Amino acid sequence: MNAPRALRAVRAEWTKLRTLPSTGWLILLTIATTVGLGLAITGSLDYTHCDTPCTLDTTKLSLAGVRLGQVGILVLAVLTATAEYSTRTIQPTLMAVPRRFLVVLGKLGVLAVLGTAAGILAVAGSLAAGRGVLPGNGFTAAHGFPAPSLADDLTRRAAIGTVLYIGLITLFGAGLGLLLRDTAGALTTALALLYGSPIVATFVSDPKWQHRIHRFSPMDAGLAIQSTRNLAAEHIGPWAGIGVLSVYAAAAVVSGLVVFQLRDAR
Amino acid sequence: MTARESFPRLLLAEWTKLRSVSRWAITLLGAAALTVGLSYLAASGNKTDINAHPNFVTGPRGEPVADDFYFVHQQVTGDTTLTVRVASLTHEPDRDAADMGSGQMTKLDDPSPFAQPAAGIMIKDGTRPGSSYASVMLTAAQGVHMQWDFHADRKGSTSSGARWLRLVRSGNTITGYESADGVAWQKIGTATPKNLPSTVEIGFYVSSPGAVYTSRGGGGSSVGERPTSAQAAFDNVQLASGGTWHGESIGDAGRLSEKGGDRGSGRVTEANGAYTVVGTGKVGPQPPDDDMVEAALIGVIAGLMALIAVGVLFATSEYRRGMIRTTFAATPRRGRVLAAKAIVLGTTSFLVGLVGAVGSFVLAVPILRKQGFTAPAFPEPSLLDGSVLRALLLTAAFMAGVAVVGLGIGVLLRRSAAAITITIVLVLGPLIVGMILPGTSPKWLMYTTLAGGMATQRAKPPTITLAEPWAMIGPWAGIGVVAAWVALALGFAWWQLRRRDA
Amino acid sequence: MEPTIEVRALHKRYRTTVAVDGLSFTVRAGEVTGFVGPNGAGKSTTMRLILGLDAADEGEALVNGRPYRSLRTPLTHVGALLDASALHPGRRARDHLLWLAHSNGIGKRRVSEVLDQVGLTSAARRRAGGFSLGMQQRLGIAAALLGDPPVLMFDEPVNGLDPDGIVWIRGLMRSLAAEGRAVLVSSHLMGELEDTADHLIAIGRGRLIADTSVAKLLAAASKDRVEVTTAQRAEATTALANAGATVTVTGPETVVVEGLPGDRVSALLTGAAIPFSELRRHRASLEEAYMDLTRGAVEFAPETGAPATDGSVR
């Protein structure tokens, strides 16, 4: 693979993304929703209603806003792939960069960077919001809840893990978009997989099956890394969970790439 | 063509549009298939052993009930009358929830009259837990009630102080009375317990249901129950026949409890014809949390996604290549176009949802029965049961409603990506958030968002200990919320259609 | 190497339809080559195959001697306008050209140049969603010119242009060819290519029908045809038809006669006392020539000598 060609493909994809106003809005939405929901959740916590000893995982709850915030970046990722088909700009794209692998590389590369950047801002904002709100609700160092700090191993892992999660979701969405080539289909599938599986798990009474569903659900498994307390209660280990999500993302990307390479550019 | 004639033709035109796009037709069929398929799969993974380790006994009608209390009684044959004055009733103060797991604990208040600490008089078919009975009681916070056979309840006066209570048996009819002074009596009601034999146990009793605590946090939730007890003072006990009173705890011995906790013992002490009784336990219905019909409808979530996609596309495809101009040229009255689309989509989605729901029910219920969902905890649901029919029809209506909301949002936003995302998030987002929010805060989410529609899937009323947020509201409330959203979405869409260019 | 497009034994089928069936031709530099055929003949498919958008089942298509996908900066080799509306409606026109430029290492300055060349400078900052059909065409042409390529392909470029625009684009294509580039223009209307195309490649149902210079085609279609202007059209038609000629009415007072030499026509009409005001050799329009072609009326061989028609003989 020719380095200049790859760089040019990346540069073109970056230009495409940065010249669409929806890109900025979707990234802003991701960050704002993540921070906002995290704020709402931590704001609703109250130390006095907690049992003794209080074992709430305030870090995980501060970062829980990503459950809703991921939608923004997911839509961006899916659209980056599928809009080329709905607007037929796949034609000039492939005329400009006929090596299809480079097109995918460009899209995924730029999306991964954008996703990671959005993730870092969202995580930083969420943790800062938590730091601001939690002491007011009684979660102080005296009560056993020191302010979340990145110097702490577990907190750092939760933060990095959440950024990773957002990056993987971005790849997952882009892969699905390449595979299905249809906005409605790719979005519905992605959202159904992400949100549907935890909900199905609550319906099922058998704890063994609940455990299984949670372990292999992309969102639940991927966010297991946010836990800083009660780690044994999680259905899957932190990095194993990220691994599960990576498998989903990889499967989507690989199958999307294969389909893109082989099919006609319709 | 008069206005009245053209609307049916408009409906036909929109129906033709809907059915002629093969992708949509396939997705509609797929919605039903997904619903049934996922319901079937989920049922296979759904097990319960509640009948093997029950936290209930079987009542006279074969239903799960709780029958724990402290009974001071004696045997009596034939017609009889028992009069008693309840001098006082005190309930022990709530205890803090401790050692119940992580997260915040919130005490749940059960509004049911069967969940009140009570002191009263009872006539019962022996002392076997679950046997038929009728009782008149003074409750801690809901005044005087008359209850029988674990399901029937009549409200008396709302007094909370000392009260006279009387039970009169005449053949198979039990009549309950109350009085403030023991002289002037007011009738509360007439009970017809199932087959009360001529020889029964009659006496006075105290019951005190356990306090339920729930915790929710970090994606999981748990419930726990702490036993409570109540103390009552009885005097002026008059029974037609003489005999010795015998006090015992009903329901204690040999019963396993899922909810744990030490039952504590009741007791009775006597001093000069006045009795002080301490009792614990609940006398009333004890339905399991799970609902079999709801468990058979797990696939609705999947079908819902597909219907949202079709609903949105039915609107946004008109904007793709400017087809909307053709549509509005043919029918300048845009409100009617929107109405026609909504009717066609809603009806089709309703039918698809109904097929999915009924199919799920038919396929999943036998599987569930094999996995432990049987009587007495779970009576077999039949398609002819009123509540089952209601659940299936309302579920189909829920799915249709969400599809139409998707249509409205699609008209508003004109971009399929945004509309699909927003609609799906409106339905699923609150559920996910509700699973994290502590305590009972998810309830307001269910009352205000489309997620509340999930409540339509239950055939039984929600129990107090349910973990799922959407089960916190009733099915009619759920469909009401969905209907409100449909009106809002279509209303906004219509307003926008009139204002802007095609 | 001289810029060219070479297509050899190209074959493509979509499900059950054969879109391109054993097509072979060459587009040369320095001339405008018209690519004609009825709707559905396979013109757009052929262009897509040349550009590597779809994969051919058999055969090959080479641009400047190489397959498209192997070109490092393809936009500097070939500029193509296939579907002018293949634009993201939310993106500004200038930014559309910008990402194309970035993808092939073309400088920013070139974007302004081509916008100027097509007359879209004032609309450069507008979003493509608000562009009219004609503006979209111009933007597509600008994109094709972006890399200053020696080979150009236009699929129905006059679609949506007003008369001014049509004149302009004809001039553009001729000047591009005059600069030594190879220009391929497809159309399903012969009239468009009149006076613009030097060479013609005609296809029908995926197969090559003709591969010839326009001059030769017109000459062949015109020979043995005589155009008569007469006030007594009906009588003239009868008289000439009775003599065995094929007579086509082309106007209220004009007919085209085929099958009789000009002097014989003149003698016949004079003999029948039918007055006529004009008698001249008919100069066929490209449209007529094409109609003849596709009717099999003119069996035409490409310059290499191999048979080109689908076998019908007159």
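Every chain is named by a letter (A, B and C) in the order it is written, and numbering of its residues begins at 1.
To be clear about the criterion, a residue touches a chain if its C-beta (ideal position, glycine included) is under 8 Å from a C-beta of that chain, and two chains touch if they have at least 3 such contacts.
In this text, all values refer to a predicted model and were calculated from it rather than measured experimentally.
Comparing the CA-atom centres of all chains against that of chain B, the greatest distance is found for C. No other two chains have as many C-beta pairs in contact as A-B.
Here the chain at the heart of the structure, going by C-alpha means, is A. If you average the CA atoms of chain B and of chain C, the two centres end up 74 Å from each other. Per-chain CA centroids place chain A at a distance of 36 Å from chain B. For this pair, chain A with chain C, the centres built from the Cα atoms lie 51 Å apart. Considering their complex, residues 37, 41, 44-46, 49-52, 55-57, 60-61, 64, 67-68, 71, 75, 78-79, 82, 86, 183-185, 187-188, 191-192, 195-196, 198-200, 202-206, 208-209, 212, 220, 227, 229-230, 233 of chain A touch chain B.
Considering their complex, residues 38, 42, 45-48, 96-100, 102-106, 215, 217-220, 290, 294-295, 298, 301-302, 305-306, 308-309, 312-313, 320, 371, 416-418, 420-421, 424-425, 428-429, 431-433, 435-439, 441, 467-468 of chain B touch chain A. Listed in rising order, the residues of chain A touching chain C in the complex are 2, 4-5, 8-9, 11-13, 15-16, 19-22, 83, 87-92, 94-99, 264-265. Contacts from chain C toward chain A in the complex involve residues 48, 51-55, 68-69, 71-75, 80, 82-83, 85-92, 95, 98-100, 102-105, 143.
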